[in-house]
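In the two assemblies presented below, chain A is common to both, partnered first by chain B and then by chain C.
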Partner chain A sequence: MTALPGLSDETAGLLLGGAPVRIAAVGVPEFAEVPRTAGAEVTALDWRPPAAGEPEAAWRLAELTGHPAVEAANREAVARLLAVRPVWTRVLPAREAIAALGDRSRRLLLHAGPPLAWSAMCGPMRAGVIGAALLEGWADSPEAAERLADSGVLEFEPCHHHEAVGPMGGIISPSMPLIEVEDPATGRRAYSNLNEGAGRCLRYGALGADVMERLRWMGTVLAPALSAALGARGEGVDLRAVTAQALQMGDECHSRNTAASTLLLRELAADLCETAHAREVLRFLSDNHYWFLNFSMAAAKLATSAAHGVPHSTLVTAFARNGVEVGIRVGGLGDAWFTAPATQVRGLYFAGYGPEDANPDIGDSAITETYGLGGFSLAAAPAITGFVGGTVEEALRTSRDMARISLARHEAYRLPALGGVGAPVGIDVRAVLDTGIVPVVTTGISHREPGIGQIGAGLTHAPLECFRKALDAMAVPASEIASGTGSP
Partner chain B sequence: MEQATDDIAPDDGTVRTVNSLRRDTYADSVALMRAARTLGALPGVSAASLVMATEANLRLLADARLLTAEAERAGPNDLLVAVRGHADALADALAAVDGLLAQPDSPAAPDAPTARALTEADPGTALALISTPGPYAAAEALKALRRGMHAFVFSDNVPLDQEIRIKQEAHRAGLLAMGPDCGTAVIDGIPLGFANVLRPGRIGLIGASGTGLQQVSCLLDAHGEGVRQMIGTGGRDLSADVGGITTLDALELLDADPGCELIVLVSKPPAPEVAEQVLARAARAARAGKPVVACFLDGARSVPGGRVTVAGTLRDAASAAVGRLGGKSREGFTPPHLPVPSGRWLRALYAGGTFAYEARRILPDAATGTGPAGAQIRLPDCHLILDLGDDAYTAGRPHPMIDPTVRAAHLRVALADPRTAVVVLDVVLGHGAGPDPAAALAAELRRVPAAERPPVVAFVVGTDADPQDRAAQEARLREAGALLAPTSTDAIEWAAALVPAHRPERSQELTAAGGAV
Partner chain C sequence: MTALPGLSDETAGLLLGGAPVRIAAVGVPEFAEVPRTAGAEVTALDWRPPAAGEPEAAWRLAELTGHPAVEAANREAVARLLAVRPVWTRVLPAREAIAALGDRSRRLLLHAGPPLAWSAMCGPMRAGVIGAALLEGWADSPEAAERLADSGVLEFEPCHHHEAVGPMGGIISPSMPLIEVEDPATGRRAYSNLNEGAGRCLRYGALGADVMERLRWMGTVLAPALSAALGARGEGVDLRAVTAQALQMGDECHSRNTAASTLLLRELAADLCETAHAREVLRFLSDNHYWFLNFSMAAAKLATSAAHGVPHSTLVTAFARNGVEVGIRVGGLGDAWFTAPATQVRGLYFAGYGPEDANPDIGDSAITETYGLGGFSLAAAPAITGFVGGTVEEALRTSRDMARISLARHEAYRLPALGGVGAPVGIDVRAVLDTGIVPVVTTGISHREPGIGQIGAGLTHAPLECFRKALDAMAVPASEIASGTGSP
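Presenting the complex of A and B:
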């Protein structure tokens, strides 16, 4: 026991410090009234059983709370995450960017979310596989592509296992062009594919001549044009600056990228003018309000990957969905995925579609939420609150709630509607389990059948079960406090 | 954030213009203008501008003669700070820029949601008051301690190993873990749990028994003595497993506090080795001039003059404390003479567990239960000492100090039973207790004419300042025909004396602290 707190005469002998004495109460509400009668400021918390209501898990969570080794690990992880400056440097074929895709002896496809087998894939992802097999010339019809996949010749691995992210189905095949985002200070890189635009897209599981034609055009016309424009520009594009500005202009950079796409196009426009097919490239890009999404995702992957791998860190470094399962990765827990069944998305549907048509939550795009964007920056994007049938006030509350489960605020990403505070960044597994507040994700909705495509957009969340499983995998680090040496 | 070397262009004499460049830093123009306004108002600064270095903005700066050669390297994604002023003011102005940019536009929204977790509580929170279901309570306490808060844990049914862990953690952190199963405390004059309104004063109390602490502190209050601190430890603190961690920490605190002139310890009998350790620590305090009164409810007679005064009952603990401080203890209670009752057995129906313990010391063979909860109440054919605050009677309903229903039902059955010789009742006042605890008991007494029922001995634990008004509660009981005793100890001694003499049977071993009682 240390000496009595309080160095001044006024507080000598006092155990609770000077007035006003602050007390937090959990449990029976009537008990909160008792100390109030003596002038204490009592906050009766809106308590609920932590850790999904399992007492043993709640105790483990408590052991990790305020633990010096965990706190230090999270400080390190957050510092790494915030230090990343994502710069778009190149456009290049996937086989050149990702070594495993360059191996011509393999027929490897990358997909969104945690690992899963072809036999388990949902409709939209199966369509993506078929489209990719056609694009690569591995099959000459959708039926042949399915037979090929059934035969076991095709291999599947998550994008996330190759420093890449893909929206919705997230299928990346060797010949698809990828954008490369680099942190100049460390040389670390991350990748995403190029956005196909709205409507019928392979990423949403649409198939057909139009979809295939656009994919080929993206490889043969769009990618070379972007490459040439980047080359002419002479330097990469700082995506952090674009994102910071877009948050001031009504984007949350996951489900609304209108401002960011415009800003990015503005950065390139002058140099794109000089490239071949400039008019059709510019028209394609100016029609696509979503084309920044993949940049936002690659930037987020770059930053969260930098934060990954700090022992004992409880920072969530990935949240991804494959349409069947969703999973998180945690900074201090290695390469493991902590999964739960994919959730349904609550949202608005295009005419003629409804919740019964919707595929469960899918895509790597929720990486943006782990980077403080999307649902975490919903306050920046009042225009999309209609997706949830919600109000602007609810959007503000969502960003405030996300701050309660985040370790930091982003210094550059500011939320004007919340008085210019930084976007909450760095999901803490402990805070999610302690409060029961789950990360909110803004996302598109894909039809559950292959070949149809996007049918709506809305909000969903990362299930508590993922965090609960991650907690089970966390060891309580030995520390001076835990091992019992001396008093502080 | 990359900051270029500042470049100072001489103007005339001591006035200079400085440009400072932050590469790849975006800030909204409104935020920049606000920062510029603040910089411009600094002493010695004549002009300031913060802009994104677009060509248009650079032209504006050039027109305002705020541009230096530095800006030649600036691009539209760079933030340019331009300040003109006295040379010695420029460094301060530039140093202020980061702070200004880090400020939110306006104060955080006032309608912050209610925190759910202790980890979200205001960092200035000094204490966590925990009354969650027992399986979660220790986890909440551990989180509170990790956040630098003291913990008051009312919850019971907390695993023993977790109790030990939180108490060890509190000890190392220099904090108090009061409980689990801690019924009362008054810390810095602030009542916690079931607590009476006590006058402030010079006595420090430490107790592993909630109603015991309430009884002793109320008796001290009646003597004009006040409480410096009243630290509850939880019922198991002095068990061999827990080893008195909180009791010893509390002793340390009160010993070091010059405002505390005497320490009173109240507990059911500790494990012998723990008692030894606690008494040794108490003796150290006493040797250094701070008297200690220890009451372990074991009936040991008060031994005045020793370093540590040992008192066997709650009543004697209070008198010994008053005596050690030079005060005069109240005259001993002499009960009025009453006719021998027709029944044989004593029925003590307590809301306070400590009183049941104290009573069993006098009537060790008394039964402790009345059959399964919810079933018909069956009184045993022997003495009965009931702790109606026990889990068996509180499952699914509030403590009898709050909800009198269960006790009133038992009282009705006891009054109607011709075998009942005398009934004993406690009425505990203070915060947390019901608004009029005597009412339901008095109503039961009035149902039966006094001549047709056994005598009822009652005592009120409370102070004049308690919200229920002690005098009014006593009057209500007296009007209903109850006999009033001044203390729990007097009540049970009086009632036991009323019982017709019976052949003493072999005493059963009383359970020590931490046992099943």
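Presenting the complex of A and C:
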């Protein structure tokens, strides 16, 4: 009997000489290979040590897991998130929607992701800043815009700090039109900019006369037409209903918005047709399969903001990338961002481009994942695999995996390919650290140089490090609170 | 040792005393039960004897199976079917589209399914005749319309005999607007009427002032607006592209047309918005989730008609129900219909109705199944299970089963949940009889009494008897043709 490398003689003997052996393998994949080669039936368990294998963190995680105060806080947070009914109510200039942008003594721009200085910004975000400075008339050339930014006159704050979200670079300047989404029960509001469509777009870092012309048209023609149509309609558009339908129609409402965009056009077409420039507006909307993305993001921001601020909650209420860093915010941890370096996106590239051209993960659009959409609802969008890569089986498995790190299922957002089960919603920091499963994100890919734009789309994830840092900031609630006998 | 009922002592001994036994069971399910009860591992094979177990028919089926002349004929027929690019080109009154309806000396109505006399018609089709007689001004009351029909003055012919198709009752009268679908490469054309939407509709057998008012509005407002929009567009609408997209968006384009209807509205919205009555037309289209059904049917009729008439082809080129009988036509068998009694639909009912209220299967809409849509593409539409019943797993299995009785896969119509494989298309009479698998149909359910309308939706199938009769009519091609040495 020949000994097998890496196995004791006793084990090897069992494998080669005895009855059929069944092995459950835990840990590095190589452990499973030798007995499998020897003919044993090996089941590799997808298990990782909790809290990235760090003992002190694992102890804190254990204390927080099942802790009554944390459980109660998360129930409350999830209830608030699910209770939000996002209704698109208005289109208005950013300076009217966001107070800080209305201050004409400042030259403030909002950007995607956690806070970032001009000097640290990546290529596509720098391009967004340049385009916005040109749009506002603060500079008359890209070079002048860069000098202005270098001079320190421009100020930068995250969209998220103003109840707003922007895809990719996410640059919002005072004159850009925003969509306003409101929860009728609470009056709470959130904002996003209008989607430019496909092709050369500022959000992806493209620059040029065509890009600027479209941005100006959006302010002078598109936004007034949408406002007029909403006025003629006489009521807002229930984005929860649109999202719920779109999930039945192959969208995951982050990187595939074909159905939702078309449904939104259908909702508005009759009221749009009597506005000025109706034909060109309807043509623009007909051609823009990403149109709904910014609505999806504003709705997600509205719902997750409502869930923010519950003490001891471990719910992730924001997840955003500025192209350099990824950051999360947690419901019970105030305004802090827990950051890690931005990840690379694994995806499919347009002809002529490859991973070496790609900017790391960027944009506020991952707010959709915190709302149960995007990667969490990947099972709803089998056709997206042709755009971001992967297989239908992987899409189904991703939604199942995301359920393991989610606190609830959304009763209105159902996944037809999984028998109509609700979308997993509400990322729990504890569950991410306990399982080692990180949130999956569907996203577009920008060229890393300013001025070029989108070069592909794909899948990425939130770095575990963000969650690890959030855990460090969590206090274990005192036991009298835990047992419910003390005062809050 | 106790003997087991229905098993020889030897078999029982094997099961109870010996090594584990694995059994493959063929035939009636009860065969598998006794050994399974005794602990054997039983795999029940889904096998039925070919040609419904009739020896003479089975011999003919064997001769036709793999016959070179039949194979060549079917390749030609399928190639013709797949080559058709259905383009919606016009909206025009039926009397202009169909010569026989333009003959003002006749009072001709077209109806769904194989030929049927007035005296034999079911309730919902009688209601359709009454509504059409009122619409044409041939009668001024339902009673007068019935007397007119009883008098023998009205004539009835199948839609299918005039390259047309109509859902449910399928009544087409001279003044009704039709959609024209054309194959640009051949100039071949097919027709269907305009879809009335949900609720109380003539096609389902509803009658009343509301039903008549909508039909008149469709002729005087809707049809001219659609014509004007098509004119402004300057080109037709490629229905193959719409269908292909809709299959990625949860439609099977027979009983679920939500995506396709919305996509078609999107295609037309910009050109519609400058026509008269644009707002009410867009409102009507926005509310009508069945709008695309009649386009899907006309496209299917166009493609299957192109495949008809190839000698020796066993391809099913029509499949239609008149509410009393179901009939199929076969590519190599001329204009004959092979009929069987209409089946009951297994489905979900609106509140207050049940199977006892249901009319048997009715309508030309099963033409979509002969084109790879409907039941054949059920895997594309997991959400439809909430409307017609069944589970997602059954939907996937149905598309797989339909592939076993289909000659090809449609390269443009892909099923995302099955990894993007093409929709099974081209029902082969031989394959149906060989496997015993019958085509599955998704369909609406009419109340059996005239005047009421839709009461549910569900699944049914084409009766095996239709295929059995078609086989009887098939001649086995002579061997010199079969070997390719003779002249055709």
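Assume the second predicted complex is superposed on the first by the 429 of 488 C-alpha atoms of A that agree within 3 Å, B and C clash if a C-alpha of one lies under 4 Å from a C-alpha of the other, contacts with A are read in each partner's own complex, and residues count from 1 in each chain.
One rule holds in what follows: a contact is a pair of C-beta atoms (placed from the backbone, for glycine too) under 8 Å apart; a residue touches a chain by one contact, two chains touch by 3 or more.
Predicted model only: the values in this text are computed from it and were never measured.
Taking the superposition as given, does A:Arg22 touch the first partner, chain B, the second, chain C, both, or neither?
first
Quick check on the superposed pair: does A:Ala79 touch chain B, chain C, both, or neither? Answer first, second, both or neither.
A:Ala79 contacts neither chain B nor chain C.
Touching A:Ala475 in the superposition: chain B (first), chain C (second), both, neither?
After superposition on chain A, A:Ala475 lies in contact with neither partner.
Which holds for A:Gln248: it touches chain B only (first), chain C only (second), both, or neither?
Both chain B and chain C are touched by A:Gln248.
In the overlay, answer first, second, both or neither for which of chain B and chain C A:Gly420 touches.
Both chain B and chain C are touched by A:Gly420.
Is A:Ala259 touching the first partner chain B, the second partner chain C, both, or neither of them?
In the superposed model, A:Ala259 contacts chain C only, not chain B.
Going by the contact rule set out at the top, does A:Trp47 touch chain B (first), chain C (second), both, or neither?
After superposing on A, A:Trp47 lies in contact with chain B but is clear of chain C.
Considering only the touch criterion stated at the top, classify A:Ala276 as touching first (chain B), second (chain C), both, or neither.
It touches nothing on chain B or chain C.
See if chain A has more residues touched by chain B or by chain C, and give me that chain.
More residues of chain A are touched by B.
On the A-aligned overlay, A:Pro382 touches which partner chain: chain B = first, chain C = second, or both, or neither?
second
So which positions on chain A get touched by both chain B and chain C?
On chain A, the overlap between the chain B and chain C contacts is residues 245, 248, 416, 418-420.
Chain A touches which residues of chain C in the complex?
Residue positions touching the partner: 245, 248-250, 258-259, 262-263, 265-267, 269-274, 278-280, 282-283, 285-286, 382-383, 386, 391-392, 416-420.
Inside the complex, what are the residues of chain A that reach chain B?
Residues 1-5, 12-17, 21-28, 30-35, 37-40, 42-50, 55, 58-59, 61-63, 65-67, 85, 238, 240-241, 244-245, 248, 396-397, 400-401, 404, 411-412, 414, 416, 418-421, 430-431, 434-437, 481, 484, 486-488.
Across the complex, what residues on chain B touch chain A?
By the definition above, chain B touches chain A via 24-28, 31, 77, 102-109, 112-122, 124-133, 135-140, 142-144, 146-147, 149-150, 154-155, 162, 168-169, 171-174, 176, 187-193, 195, 197, 228-229, 248-249, 252-253, 256-260, 402, 431-432.
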